[in-house]
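What follows is a set of structures for review.
Consider the two complexes below, in which subunit A is the common component and subunit B and subunit C are the respective partners.
Our next item is the complex of A and B:
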């Protein structure tokens, strides 16, 4: 769940606008600048979450982390502004790249892949590996050796369920079982 | 010409006639030299042209080579873009020349398209002002996720491409701020105060109102107006997390994805 990355400062490369540009951390007043800025933040958040396989981002957990804080410049994107960034990501303008978990806006799903996109990826993998008609447990899909090269390996269970729900709606899969013992059959 | 110096009154007429003789001879020489230079230039031009036809692939592929070639063309008065499609002869050379001219024109067109695209995509971020160098890097890098990606270009290519947009009255032009070249993609003129501030920004990276007041001895209201205008045009971004608000120019930020 909402894994805060273990202090691994591995190879995520922040863009120059984050490493060397102090105004990036102040929401701009001018509408067009602000729009461009929100878009840059949205792209950065998606890229960062994808790199660290973060699916759920809680503002309290992340407000002091490197994503929103540049200690070299001593600049911070404050929680209110983080909220505005995510609001933008949630909007049509931001291509619905995020979704608040609750109206309180404390944490959000970050859709660096939307559930439909996960569904596509899983369906393609099932197709490629000739597993149509077979039954897999959800655990196998996320943790199994067979999926190690796939982007959905080690993904969030809830997101997987959302993705499979999309496939179920299209009649391409059926999920059964109870919470911790769920399986899925692909058609 | 007489080697004897004339004496008496006759010397005067003699001197004028000598001078005019020199003059005629001089202009004769000048003329013949000019004619031979002209002939030489024509030879060089046609050689250059043949060279261009032979090496069109290299010229298109290698930006350094292209820049040198363009410089040579410029020096001897050959327009590398016009090619020689004006000759219109049906000879093989003429035909190839036509293809070549069109080829290179195509090349600059596609550079221009990418420049325009880049400027439009980033106008909200930089207010329609983008460094030629930055532009060149971005076009070379190509756009992430687009097949066909980058195009090997030099800064000269970018400038040539922008210049090729002139007949369209698109408002695209090259302007110079503090010795650095920029592509301006919005046909809005900057006033003197704005240009001054942009120049300082270019040199210092960021500015504050009091810095302008101190260094330019401007009244505060004047400094504030200029900055407000620049900010409204997206030409500066504000950083409020400091004792006095700092204004930064949004340039050199085109890396990532």
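Our next item is the complex of A and C:
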């Protein structure tokens, strides 16, 4: 996974269903079409978050943003429906592509890459760059010049910690140090 | 997570401390860069408004921040050098450890082989055995069995007769036929045995002489 080019931060290209198809913003009643619709929203949310490197999505912050709102069609996906989309993403059906931060369901992790997928990417990078046995600060993994070409560059610190926890469980890494000055050693 | 891992050495912690220090310097540099950019912007605005003094002040502040920036650059370089040195020394330590282990193993193997004298003695014995083997092979190589040797000599005789077309010295009473095919000299079984014994005797004599 090493060498994945960094996502461009220029504008995101929405699919036709979002730009030109008003019913997309109203959750369907028929179970099968509703399921398909939720799945399309899930994919759209993942792609959008990946494009803009969004890890945590707060419903209050995003309910009136372009992701859930089409000004041209004058259509909005209402907060309750956003919640249902994310509920779907959290479920097995939605392949656990999201995780609520609190039971209040105000914001959620969007797993366009799950922590174990991040773990794989980081482990591959460590391998490719011969850094087994090295000590790195979490800051340099996320912000360092050496990771600029990696998808995990500029990633959320908490997501990084979750990914490293997966590696630690596999015995491939150990996180140590004090709170805001943590480092990790790879094995 | 946590600090209770046995895999983390005190050197690892020291390296982490240095790298954290480096990260702090880098963050500090980022901050200064933001400040210098802002001062420059202020100077630009002031100049546009004709407030030359204020613009100058802003540029002075910018200059000061820039001097801090170059100082941190030097510190950063030192820190990174030190970190690299420590990391390299750790690698060296591993290499030395590896060499030490290798030497120990080598010594042990040498000991198991019984030292130089034993090996030399064994090599000598080996060479001697090889020599002996070679001599035996040589002796055997030139030797065909008696019967084979007889056949060879018979063939030689027949060939001579064929080429010369002359009578055989050991069969003088036979009619000489000069032209072409000569019937093989008939030999009795007794004759043959006699000859074989004779030749074997000769060969033994030769071998003893050699």
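In this text, the second predicted complex is superposed on the first by the 178 of 187 C-alpha atoms of A that agree within 3 Å, B and C clash if a C-alpha of one lies under 4 Å from a C-alpha of the other, contacts with A are read in each partner's own complex, and residues count from 1 in each chain.
Definition applied: a residue touches a chain if its C-beta (ideal position, glycine included) is under 8 Å from a C-beta of that chain, and two chains touch if they have at least 3 such contacts.
Remember, predicted model here, so these are calculated numbers, not experimental data.
Shared-chain residue A:43: touches subunit B; no touch with subunit C. By the touch criterion defined above, A:23 reaches subunit B but does not reach subunit C.
When both complexes are overlaid on chain A, the residue A:96 reaches neither subunit B nor subunit C. Once the two complexes are laid over each other on the shared chain, residue contacts for A:76 go to subunit B alone; subunit C is not touched. When the shared chain is aligned, subunit C comes close enough to touch A:140, but subunit B does not. Once the two structures are superposed, subunit B and subunit C can be ranked by residues of subunit A touched, with B on top.
Of the two partner chains, neither subunit B nor subunit C is touched by A:170. Within the complex, the subunit B residues that touch subunit A are 122-125, 127, 206, 231-234, 237-242, 246-248, 250, 252-253, 255-257.
Taken in their complex, subunit C has these residues touching subunit A: 1-3, 5, 7-8, 12-13, 15-17, 19-20, 23, 26-27, 87.
Across the complex, subunit C is touched by residues 134-137, 139-140, 143, 165, 168, 174-177, 181, 183, 185, 187 of subunit A. Of all the residues in subunit A, the ones that touch subunit B in their complex are 15-17, 21-26, 28-30, 32-33, 35-37, 40, 43-44, 47, 74-76.
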